Amino acid sequence: MTTVLEVALRIVLVLGVFLVLPLLVGQTEHKAMAHMQSRLGPMYAGGFHGWAQLIADGVKFAQKEDIVPAGADRAVFKLAPAVALLPYLIVLVAIPVGPGLVAQDLDAGLFFVLAVMAVGVLGALMAGWASANKFSLLGGLRSAAQLMSYELPFLLAAASVAMAAGTLSLPAIVGAWQPWWLIWQLPGAVVFFVAGLAELQRPPFDMPVADSEIIFGAFTEYTGLRFALFLLAEYAGIVVLCALTTVLFLGGWHGPFADQLGWLWTLLKTMVLAFVVIWLRVSYPRLRADQLQRLAWQGLVPVALAQLALTGVVVVVT
Amino acid sequence: MSVVEVLFVLLGIVAVGSALLVVTTNQLVHAALWLVVCLGSVAGCYLLLSAEFVAWVQVLIYVGAVVVLLLFGLMLTRAPIGASTDLDAGLGQRAVAALTAGGLAGIVITALVDAFSGERIDLGGDVSTGSSASAGSALFRGWVLPFEVLSLLLLAALVGAIVLSRRDVGVEPEAADGGPT
Amino acid sequence: MSDLLLPLLLAVPLAGCVALLVLPGRTADRFALPIGLVATALTMAVALWSVFAATPYNASWVPSLGLRVQLGLDGISDPLVLLTAFLTFLCIVFTVRVQPEAGRVRALVGLVLLLEVGMLGTFLALDLLLFFVFFEVVLIPMWFVIAQWGDDTVPGGRVRAANTFIIYTLLGSAVMLLGILLVRAKTGTFDIAALTASGGAGMSSNVQVLVFLALGLGFAVKTPMWPLHSWLPDAHTAAPTIGSVLLAGVLLKMGTYGLIRIAVPVAPQGAEVVAPFLGAFAVVGIVYGALACLVQRDLKRLIAFSSVGHMGFVLLGIATLTPVGINGALYANVAHGLISGLLFFLVGAIKDRHHTSSIAELGGGLYDRMPRLGGLLVFAAVASLGLPGLAGFWGEMLTLLGAFDPAPGLNRGYYLTLMAIAGLGLVLTTVYFVSLIRRVAQGQTAPRWQQALLLRDATPLELAVWAPVVALVVVLGCWPKLLLDATDPAVRMLLGG
Amino acid sequence: MPLLMPLLVAALLFSIGAYGVLVRRNAILVLMSVELMLNAVNLNLVAFDVWLRDALLSGQVFTLFVITIAAAEVGLGLAIVLLVFRNRETSQLDLLTELREEPSDPAGVGTAAR
Amino acid sequence: MAGTQAIDYTALAPALVVAVTALGVLVLDLFLPAGRKVVAAWAGTGGLVVALATLLPLVGDTRRTFCVPATNVDPVSCSYVVDHLTLVFQVLVLAGAVVVMLLSLDTLRDSRIPAGEYSFLLLSSVAGAVTLAASRDILTLVVALEVVSLPAFALVALRRFDSRSSEAALKLFLVSVVSTAVMLFGLSLVYGTTGAVHLDRIASALARSDGRLPATVLGVTLSLAGFGFKVAAVPFHFWAPDTYSGAPVPVAAYLSVVSKAAGFVGLAVLLTRGFGPYADVWAPAVAVIAALTMTVGNLAALRQRSAVRLLAWSSIAQSGYMLVPLGSAAHGAGSVDAVLPATVAYVLAYAVMNLGAFSVVTLVGRHRPRNAIEDYRGLGRTEPLTAFALAFALACLAGLPPGLLGLFAKVVVFQAPVEQGVGWLAVVMAVNVVIGLYYYLAWAAALYARPAEGARPPSYRISWSDGLAIGITLGAAVWLSVLPRMVLEALR
Amino acid sequence: MRLPGAGLAKGLAVTMRTMTKRSVTDQYPDVKPELPPRSRGVIALLEENCTVCMLCARECPDWCIYIDSHKETIPAPEGGRERQRNVLDRFAIDFSLCMYCGICIEACPFDALFWSPEFEYAEFDIRNMTHEKERLGQWMSTVPPPPAVDGRAERPKELDAARKAMEKAAAPAAPPAAPVEAAE
């Protein structure tokens, strides 16, 4: 009975985190982006500096009419948001927050996480195709192409850490982490983070949803809650990516008073990274499709391979 | 039947059912999506068989890469929304194929039942056989050679795919002198 | 030195062939005929020398296959080797005078030399596989000779005739190869001498039947035995003169030689079982050949069909499995080689002059127009029908004698019947040759030839070529002992007694 | 768990895949059917591996290899399909007949020899 | 790292050299100026020659590497074994690849196929073939087989704007993946019933089992499929004619010789080293396949008017001949070993003769893209040596003197069924040999026929790389016709 | 030589610096913006000045000015002959089309159109964005006086008119009197 309760508790907790953190990131984005552009951002909703803006947005989305285009493949169209969102929810299960503080310690946790995240691309493809809209299809195809090419450096960089730690279990990787890894794994960390951004289709890698060209890519035809789910998926993706980067490269819960405040460290690092995500969005212009591919194949992959080699050498030597 | 067995039967039914839909549906993209379901449930089967590592690899590569590539291909070849009429061969060939496949299934199942009925997989005890650690060590203890050859395979496939997609490869028809008639 | 004679015998024409192949174009074109003449003449000389002085040659070639270069000469092969060398030489000489219409003398001479290598090799080989190899060597040159220098008067054209020839022969030899391999599988050797000595030991009776059938089929196609003869008329008719001469004069002999040299001694029990059938087919061939000749309208075709009949006698002789019969077969072999060679030379000459070989178009009056040619034609025809005193007689005579008293174990009554029918065939042969003489040689010259200016009688060179043949036909007809003395001991040895 | 359970699933998957290969006319659908067959193979291998308690883990390693091979095949295969599509505007297999046997010529090579 | 396998780099050298050359070529290509990409192909050829040289130290003893420790049932088993069989095929594969590379040089220059990638793909495939010859476990076998196949798909499709080329690649690809899947299913069953993946262990497990388990029989039979595809055996042969005629001609040569040889070595290794004890199960199946293959191939070849298609169908027929010895293996391991040399000998001979034919066909194809038999008419008058090379190769393929190489090879093959008592197969083959003769000879005859009325007799300027390729193959064919021991006793 | 990535870092620095600085955003609905004089907010119509010459409507690039009129005969005064004049029936500007170019104002030869800085006239219905002449006239009161061209020049007429209007309006404490009345 206790185990059932415990599992339920964990699931509720994960669900809670899943719902809260993306909102937090979203709100941060609103405000930080505004200030970076010399604006104030939302100010009214909820009173103090518009803290409830996203909730208001949510309510608005919920009220909107749910439109399915006439020519669409209805089943696929309706399923797509869920497919896009669910993987991130599932992934959170395996991410350790503090020592022993993880919903489910998986032996091949890293693999699990990467595998499940890779499924997310299906959502964009399904949405793009099922909308019966050429902009959507283009967006979907762009998503798929982008995700396929950035998957490789993403995996390679992750593999480098796994190799360094000698394990695939996420808590074990954090456990094995040493501060000097910050230097050692720096190229890998950068590659991982950048490739992750690209996988999330965040600016400057938002070619697939480039509004000036193809409206909103795969999500053009979506309205109301389904659209909200896609947005939620994006912000959940940011959380997951940042948490993963934290766990893999920034030492997770390591920090002063790690025993008591470990979870705080993890959250803090995650949020700092999330801020970086926003920061990057504001600072850089969108990459063209060819620049995107070139960055992946000529930039990230070689660096990731070099990192892998470096890791291998160091592991063998020490 | 234990819980595991019940789960396995359910997953098996899902896998076989979705596989049937893959080969019978007349909507191109749905076939690919049913394939995802099938592959996913097979991954579940691996999990139940305690082959955890394989299961995640299955999800990562099959669902994450292979099916996405397939979908990508479908969309680039302008898969239409809705049913297509020209996906399958004629009724006659379908009947022949069904007979062939049925016969094949019959033969294989008969042979398998003959050989393995009564055998049980012991899932208790040492459950680490499917872990990433054991898979990794097996890979590097017994199978370094095929692993290395495989890396050449992947590289070759990569280069091949790229070279086939390059625009500047091969003589364009108008440039070719004479050309095949 | 004497043990290198036989390789030398093969090397001389081969050297000529290679020389023609590798020499730069102009030189070879100019010297094609001289080289051919020298090579064939040398070959003939070496052949003569070999018959008296050669000792067997034995060297390993492909050990894994058990293939050895085993060459040897005995009474059976002596006459055939000489015949081959002789006829080839004559053919080359003939070519000096009669240049082929299609030109390319160099290629033709080269091919004939290659052909000679194959033919000689076949008669010399004492290793089953080596025999097979040489047996096959003749195919491609002969195919080219027919397909490139032949004429298109036959139905389907010369290429079709050449194709029919090669396909039939190859079908036979493929089966023959299986037989050879079966022999090897059962006895472990390809050595013909050893196999002859052991007389089928190691092979059960059934296997022997199988072996004999397989080998026999290959030889029967080549011979050709009725009903496998249908390639022959087209091939002969389409082939150029020297092609026909070599085809009838030597190539057909390779089949019967193979039967005598290999099939019968290697699988004696098999031979005993199959012999009655062989005899039956032989006799049918004799009658069929004669009947077919009666209705032929083409001179060349007629002579081709007459070969079927003659080879029927040879086969009948073999089918008796007696020394007498086989000696007769060998005798008939050589005789037919000479006579039909001569016939084809003559017909070729006639055709050369008239540009047709249709009997109807030629009309009568050959005596009138070209007395020498006409006379020779009549001589050859008479020799061919087996007039006593000429070479053709003894072969048929001995064959019939053999059938009169076949080997023990064979049904005598049955063979007597065969003999009777063969006698009937002999009569028919006489009928068609006489009728031929009447239709072609005698009578009035048709008006269309009277004006023709180019109808020259036989030239001195032609006569020089034909004269030795005529002489040999007469010599063999008057003095059979010359040949029989050579063949008889060898035949008796083959038959294990 | 009875060994037959995964094996039966695999056998069915394989047969279904074979049916798809025989019936489908679209190159990509054929490819999908092949993937089903490969999955049957993998399920077999994993089941046998676990059943045998293979010390070398041959079955599972083999499965990993098969999955990788499949991925490489699909990658290259799609490049080819797209190439065909670009040249031919179709990926229907039975419309690809440019290379079919030429109409028979009874004279055939025979005429060439003349 | 502890527990990893010891590696004998000497044994591995040929495969390594080829693979490293492949990578090197790819890198080198980056640094070459646009006009001089052919240098990459040269480097590749050089690498192949070096790989050939690295075979020298391996002659003689048997080397094993990548071994797994013994269990209480099985002795030490190794994944990579360089024995005599391996060496013979490695020589064949490497030498064949050198000729193909030579033939490719002009094709690369004319058709804007990127030389670097082309060489890389070809070398990768060759590396796979070299590995395949030494593989002694089913994992390595399968992986190596795929390494042979995959680059070949890309090679076939390299003429990007030629829809025939891509269609050819697609057909090749689909047949390949289907046959691979079937083969893998068979292998999985074998693994299940024997519990082993190393061929020697499979063999001993099969030998231990009493009776014939249907599941094993099924597994063994299905396992043949993948190799059946590679060697273009019926019913996996459909790709060959289309693919050969759609691909660049040197690639067709590669497919029909090197890749096919790889298929045969895989098949031979699998059947003899692994499934030997089940010879009575697979041999009849192989026999039937062999008979069907040669018959279908020959009958179809009769109707062909295009040189490459004719060679394609005829090479299917030739595959049938090569399968004959394997198909006549009867009970017991002894007979399996007895028939293996025949297959090996025929594969070797076939490689020489078929490469010879393809060398000339490539040359003619450069000038006559249609490459019909008709285009060869009168070649003997303008290009006597080239025509002779082709004629000789055809005579060899037909098995007629003066092509003694082919004749002896056929004799060796005939010997197997005759000795093992599979007479019907020998007879079927005999009939087929005769059918085959027809089209080979008709083609050879066309070479020396008078050119058609008004047709310009073909006359070509022969580049020295083409000339070298033709020379090598012709020289080898003539040399081996005179001294066939090297081929026929390759395994002794 | 520039460090690779220097540009990227610079970009980040710019955004970060901007974020740390105080935003200069106007809290508009709470705090009214201080618009510069002569801001182009809305167009006001001084109906009396309009002669229905149609120049503005013709010049308008967007065709967003609608003018209707009719002719009216004025009875002849003594000795004179009767005259005709145009009477404006409708003058409307569709601000959902207007692009605030100001050409109409430039074009008006009779000073009937003016810029007003007033901008808060959003509507829930697009149809209401078409301001009829009454509404346009009301905007007249928000039109600021034109700047003096010359400091010592006599005061412009508008100022006097406006002041008079203001005074007039201040007396009855009525809604701001339309300058229309004060114009004469």
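So that you can tell them apart, the chains are marked A, B, C, D, E and F in the order they are listed, and the count of residues begins at 1 in each.
Rule of thumb we're sticking to: a residue touches a chain if its C-beta (ideal position, glycine included) is under 8 Å from a C-beta of that chain, and two chains touch if they have at least 3 such contacts.
Everything numeric here is computed off the predicted structure, so don't read it as measured data.
Without subunit B, the contact network of the other chains breaks into the groups A, F | C, D, E. By the document's definition of touch, subunit A and subunit C have no common neighbour. When every chain is reduced to the mean of its CA atoms, the largest separation from subunit D belongs to F.
Look at the CA centroids: the one farthest from the centroid of subunit A belongs to C.
By the count of C-beta pairs in contact, the leading chain pair is B-D. Centre-to-centre, using mean CA coordinates, subunit D is 75 Å away from subunit F.
One finds 50 Å separating the Cα centroids of subunit A and subunit E. The centroid of the Cα atoms in subunit C and the matching centroid in subunit F are 124 Å apart. Separating the centre of subunit B from that of subunit D, both taken as means of CA atoms, is a distance of 9 Å. Looking at subunit D, one finds that residues 7, 14, 17, 31, 47, 51, 56, 58, 61, 65, 69, 72-73, 76, 79-81, 83, 110, 113-114 touch two or more other chains.
Counting partner chains per residue, subunit B has residues 53, 57, 65, 69, 72, 76, 108, 112, 116, 141-143, 146, 150, 153, 156-157, 160-161, 164 touching two or more of them.
Annotation for subunit A: no residues touch 2 or more other chains. Taken in their complex, subunit C has these residues touching subunit E: 25, 62-65, 67, 107, 114, 118, 129, 132-134, 136-137, 139-140, 143-144, 147-148, 159, 163, 166-167, 170-171, 174-175, 177-178, 181-182, 184-185. The residues of subunit A lying in touch with subunit B in their complex are 71-73, 76, 106-108, 111-112, 114-119, 121-122, 125-126, 128-130, 132, 137, 140-141, 144-145, 147-148, 151, 167-168. Residue ranges on subunit D touching subunit E, taken from their complex, read 7, 10, 14, 17, 21, 27, 30-31, 34, 37-38, 40-41, 44-45, 47-48, 51-52, 54-56, 58-59, 61-62, 65-66, 69, 72-73, 76-77, 79-81, 83-84, 87-88, 93, 96, 98-102, 104-105, 108-110, 112-114.
Residue ranges of subunit B in contact with subunit D, taken from their complex: 2, 4-5, 8-9, 12, 15-16, 19-20, 22-23, 28, 31-32, 35, 38-39, 42, 45-46, 48-51, 53-54, 57-58, 61-62, 65-66, 69-70, 72-74, 76-77, 86-89, 93-94, 96-98, 100-102, 104-105, 108-109, 112-113, 116-123, 129-130, 134-135, 138-139, 141-143, 146-147, 150, 153-154, 156-158, 160-161, 164-165.
The touching residues of subunit E, counted against subunit D in their complex, run 68, 71, 138-139, 142-143, 146, 150, 153-154, 157, 160-164, 166-171, 173-174, 177-178, 180-182, 184-185, 187-189, 191-192, 195-197, 241-242, 245-246, 300, 302-306, 309-310, 373-374, 376-377, 439, 442-443, 445-446, 449.
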